[in-house]
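Following are the structures in question.
One chain, subunit A, appears in both complexes that follow, with subunit B as partner in the first and subunit C in the second.
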Partner chain A sequence: MANTSMQIVSPTTLWAVRVRSVLGGLRRAPKIPSLVLLVFMIFAAFGQWIAPYSPVAVDMAASFSPPVWHEEGSADHLLGTDKLGRDILSRLIRGARVSLSLSLFVIGLGGGVGVVLGLISGYSGGKVDAVMQRGIEVILAMPTILVALVFVFAVGRSFESVILILSPFLAARFARIVRGETLSVRERDFVAIAKVIGTPTWMILLKHILPNVFNTIIVLATLEVGHLILLESSLSFLGVGVPPPQPAWGLMVADGREFLTSAYWITLFPGLCILAAVLSLNLFGDWLRDTLDPRRRQL
Partner chain B sequence: MVKYIGFRLFQALLGLWFIATLVFILSRSIGDPAEVFTARNSGVDAREIMAAKLGLDRPLHEQYLKFIGQLVRLDLGDSVSNGIPVTQILVERMPATFTLGLIALLFALAFSLPLGVLGAVYRDTPVDWVAKVMAFLGQSMPPFWLGIMLIILFAVVWGLLPPAGKGEWHSYILPGFTLGWGVMAGMVRLVRSSMLDVLDSDYVAMARAKGLPEVVVIGKHALRNALLPVLTYSSLVLGAFMNGSVVVEQVFAWPGIGTSAVQSVVRRDFPVIQGVVIVFGSFFILINLLVDIMYAVIDPRIKYTQ
Partner chain C sequence: MANRLLEVEGLAKHFRGGGNWLSSGGDSIRAVDGVSFSVEEGETFALVGESGCGKTTVAKMILLLERPTRGAISFQGKDVSSFRGGSLREYKRLVQAVFQDPYSSLNPRMQVLDIIGEPLRVHQGMRGRDLRMRVGELLENVGLNPVTASFFPHQFSGGQRQRIAIARALALRPRLIVLDEPVSGLDVSIRAQILNLLVDLQRELGLSYLLISHDLAIVEHMSHRVGVMYVGKMVELATRDEFYGNTLHPYSNALLASVPQPDPDVPMGTTIGGEVASPINPPSGCRFHTRCPIYLETNMCREVEPEWREILSEHLTACHKVEPAVV
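Our next item is the complex of A and B:
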C-alpha cells in the first residue's frame, strides 16, 4: 500500500521533475511581464539584426529629430534622435544587451560563487560558518554605489570592471539566503542517510542539497537581475558604468539631461525601458516565488 | 548582552578597517599613486610633492600604518582640485545630505502608513491595488530617471517647484520624494503584511467583540502593534539613503556629500572620493550596528550567542 504512494526518487529524476514543473508552470506565468521580458531578451540576443540603425552611427543632419508622432518627426527615426543624430530606438534595442548581459554575468559569477559559499557555510556549520557569515555581513554593510564608484575610478571604466565590483555584493546576498535554506535541508532524513552510506560531502551538496534549494536560487536570481539592472543603470548614469559609445540605458538618460526642455525623448524612453524591464522582472519573480516557494513570501 | 554588543562593535570596526584597507590597496595598486592623488594635468613637481607627502618612497607597510594613523586622527588629506582639507568639505556638506534623507523618510512614512493600512484593511479592493502599484513602481523605477521626470513635470512644464539646488522649503519636495519613493515601496509591503498579521490576532478580535468602533480597533489596537517592524525598517532605511543620495543629489544638484563624490570622480580628485567612501561606509556600518543593538534591546528573544 505504502509502496504504491511512495517511491524512491533518484536525484536525477528530481532534477527532471523540477525542470518539467518549471516549464509546465510557465504557461501560467503573468502574461504581460513575460512578454516584455521575452521582447527584451530577443533584443539582447538579436539586436544587431532588429535595430534599424547602428547604435553609434552619427548623423549630425538629423540631430534632435523628435519622435514620429510629432509634426517635425519622421518615420526614419520612430523614437527620434539624440544630439549626435543617433537613432534612439536602435540604441534602446542594442542597450538591452548591455543591461541584460551585464546582469547575467554578475548573476553567473557572483551568484555562482554565492551559492557555493552558502552551501558550504550552511552545511559545514561551526567555525567555517561563523567566519564566512562575518565576512558576508561586512560586505553587506558597505554602500554598493560608492564602493563601485571608487573601484571603477581606480581600475578604469569597462564592462568587466562593473561586473567585477558588483559580483561580490551579489555573492554575499546569495550566500546568506542559500545558507539559510541549506541549514534546514541538511537536517532532513535523506541527507542523514546519504551520510550514513558514505556519500562524499561534495556529492551530498550537489545531488541532495542543491536540488532542494534550487527553487530559492531561481527566484532570487530573477529578482536580483532587476536589482542589478537598476544598479548598472545608476552607475552608467553617474558616469562610472559601461563606457560610451556603448548604448547603456542609464548613460542615455544622462545624455539627455542637458536637453530636458527641448528634447525630452532622449531621456524619457531609456528610463521607460529600465522601468519596464525591472518591473517585469519583479512581477515575474514575485509570481515565481509564490508558485515555487510559498514559504518565502517575505523575501 | 554586553558580550553581544561588544562582539557587534568588534565586527563594525572590522568592517571599517576593511573599507579603509580596500581604499588603500586600490590607491596603491593602480598605476603610480602620486598620479592617482594629484590632479590630472599636474606637472612632475606636484607629483613629487605628493609622493613625498604620502611617503611613497617608504616600504608599503609603513605607508599603510601612516594612512591608518591619519584616518584615526580624522585626517583625510586635502582635495587636489582646490586644496581644501577633505574633512572640512565633508563636514560642510553633511547637513544637506542628512536633511534630504530625513525629508525622504518623512515622505516614505507619510505615504506608506495610510496605503499599507488601507491595503490591509480593504484587501483586494482598489485601495489595495493602488498600494501595490505604488510599491511595485517604487521598486522598479530608476531613481535618477524619476527625478528627471519630476523636474520636467513640476519645474519645466508647470513651473510649480524649483528644478534643482537647495533653497527654500519647497526645494526639498522633489528630491525628498524621489529618494523616498524607492524606500516607500518596501515600507508599504511591510506595513500591509504586518497589519494583516495583527488583524488576525486575538486582541483585535477581542477589541471588536467589545464593540469598539472600527476606527479605534484599527488605529489603536492594530496599527500600534504593526508599527514595530516599520520603525526598525525606518532606521535601516537611513543606510539605503546613503546609497540613493549619491544618485539623487546628482540629479538635483543638491550640495551634499553624494554630489561631491561624483564631482570628484569627474575631476579625478582621489582624496575626496576616498574620504566620502570612508565616511559613508562608516555611517552605513554605524547605523547597522545601532539597529542590531536596538533590536537586541527591544526584542529579548534575539540570541546573543554568536
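Our next item is the complex of A and C:
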C-alpha cells in the first residue's frame, strides 16, 4: 500500500463505463423499428399539428374515396376516406395517441402493480405466495372481454374505464411470470449472501432480484403492447372500447370490416399501423434486453 | 485455550419432506441431528464429510439462513437466537460468508464497486469517495487492481471472482467467516492461491474460519481443528495433528484412506463400500454400522447409539470400539 491514490477508485471511470455502454448500445439500436416508433411517438405527441384534417370532420360528399394511387383517388385524401368521408391519414395520425397511450397506461399501471406483486409473492413464498397465486388464478380464469363488457356498461364507456378494466388482467399476467423468475433468482447465492450481510428485504428485491428479472419484464411488456392494441380493437368492435368518434386504430379496423371487399383501405392502413407498431416494439424490446444485460455488452 | 468465539450445542435441523397444506408430507429428513463444536478466536475449524452429511446445513444455521429445529448457537457467549435489532445487526456484521460457486455468489448486474460496497452501504451508510477508497483498499487486499471496481462479474475468471467474494466478506472487518467449500468450484491450478490468500488474511486480521470441505488435503493445509460428520452427526473431533496422526473413528480412517497419494508406489488405500445412509431413515444404533469395516455382529453397534466421549485430551469420538485412554 505504497501509493494511497492508487486505492481510490475513480468515479469518472465508473461513470465512463456506464455511459460508454449506453452509447455503444444506442449505436446498435435496430434502425427501422426505432424509426417507426419515433414516427408514431411524434404522431402521438404532435398529431393535431401534423394531421391535414380533423379526425372527426365528416364530409359525406367525399365518403369512400380511395387512396391517391387509385384512378378515382385524389390528392386531397392521400389514404382515402371512410364511410363518413373522414380522412384516413388524419385519423391514423391522431389515433396513434389513443392506441399508444392506452397501451402505455395499462402497461404502466397494470404491469407496475403486477411486477411488485410478483416480486413479493415469489420472494416471500409460503402462505403469502399461495394466497396471492390463488387470487391471480381467479383473475386469469375470467374471460377478459366478458368482464370488460359488464364493467364498461356499469361505469360508462370512456378511455379511463378501458384502462381500469384491462390493468388487472395485465397485472395478473405480469405477477405470474415475475413470480416464477423471482423463485429462481432468490435461490442464487448472491441473495443468500445479501441476507447474511443483513441487507434489508426491500433492498434485496430492488437491487438483486428486480435487475435480474428485468429481461423478462421488458420482453413481456413489448409483447403485451401488441396484445393490448388488439384487445382495444376487440373491445371497440363490441362497442365498449374507446368511445367514437375518437380515432383509435382498433376502432378503425372494426369500422372498416363491413366494407372490406369494396373499400379495403379503411381496414388495411390501421391494420398495417398495428402490425408495424407491434413488430417494432418486439424488435426494440429484444435490443433493449440485450443492452441492459452486462454480459451481452461489448465494452 | 483461546477465547471461544462461536459455540454450537446439540444443533439439529429436520426438514419436513414434500408436504404442503393439503398433504402432511412424508417423513422428516434429519439433515443435522445433534452437532456440537466450537470455533476459537483466530482458528480455523474444519467440518468435513461426504456430500449430504449436513455440513452445509450447519453453516446455513450459523448464518441464520435456516432456523434450527433444536439446539443452540452462541456467539461471544451470547445466544444467537436471542439477538434482535442492534445485536442482530452486529452479529450480521461480525459473521460473513464465502460460498462455493463464485458464479452464483456475485450479482451479474452489479459493478464490483456495488458488490463489495453493499455491506459497507448497509451497515455504515458509506458512500461517495469514502466508499470508493475502502473498496479500492479491499481489492488491493485480495490482490486485485482497484481499477477493476468498474467491471462487472463476467469480466473476471473464477479465481478472481472468488477474490471479490472474499473482499466483500472482509469489508466489515468480521470476526468469523464461514467458508463453504471455498475452492471446490475453482480450477486446481488456482486453488492454492486462494487458500494462501485466506491463510494470509487470517494471520493479518486475526480472523476465525469455519471451513466446510470434503477435501482432506485442503483441510490439512488450513485448519487447526477438524470435525467429521456422518449423516447429520459428528463422529470425530480432534486437533489437526491428532486427526491426521491418530485417527480413532473407522469412518475418519476410511475418509483419510480414500485420499489419493501423489506417489504411484503407494497403493491406493482401502475405500469403504456402500452408499451414504439416508438421513430420512437413518440406521439404528451407530449410523455408520451399515458400512463399518470393524463392525462386528454384536447388537451393540446396531442397537445402541454410541456415546460422544472424550477419548484423549481434546479428541472426541462416537464409537463403541474405541476405549477412552483418559478418565
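Here is the rule we use: the second predicted complex is superposed on the first by the 233 of 299 C-alpha atoms of A that agree within 3 Å, B and C clash if a C-alpha of one lies under 4 Å from a C-alpha of the other, contacts with A are read in each partner's own complex, and residues count from 1 in each chain.
Keep this in mind: a contact is a pair of C-beta atoms (placed from the backbone, for glycine too) under 8 Å apart; a residue touches a chain by one contact, two chains touch by 3 or more.
Predicted, not measured: the structure shown is a model, and the values here were computed from it.
More residues of subunit A are in touch with B than with the other of subunit B and subunit C.
Once the two complexes are laid over each other on the shared chain, residue contacts for A:G108 go to neither subunit B nor subunit C.
Of the two partner chains, both subunit B and subunit C are touched by A:A130. In the superposed model, A:R188 lies in contact with subunit C only, and not with subunit B. In the superposition on chain A, A:V196 makes contact with subunit C only, while subunit B stays out of contact range.
When the shared chain is aligned, subunit B comes close enough to touch A:I274, but subunit C does not. In the superposed model, A:P243 makes contact with neither subunit B nor subunit C. Residues common to the contacts of subunit A with subunit B and with subunit C across the two structures: 130. By the touch rule above, subunit B contacts subunit A in their complex via residues 11-12, 14-15, 18-19, 22-23, 26-27, 29-30, 36, 136-137, 139-146, 148-149, 151-152, 156, 193, 239, 242-243, 246-247, 250, 261-262, 265-266, 268, 270, 273-274, 276-277, 280-281, 284-285, 288, 306.
On the subunit C side of its complex with subunit A, the touching residues are 21, 63-65, 88-89, 92-93, 95-97, 99-101, 104-111, 113-114, 118-119, 122-123, 129, 132-133, 135-137, 139-140, 146-147, 149-152, 154-155, 165, 168, 172.
Here subunit A touches subunit B in the complex through residues 130, 134, 137-138, 141-147, 149-151, 153-155, 226, 230, 233-234, 237-240, 250, 253-254, 256-257, 260-261, 264, 267-268, 270-271, 274-275, 278-279, 281-283, 297-298, going by the rule given at the top. Every residue of subunit A that touches subunit C in the complex is listed here, in rising order: 1, 6-11, 13-14, 16-17, 130, 188-190, 192-200, 203, 207-208, 211-212, 293-295, 299.
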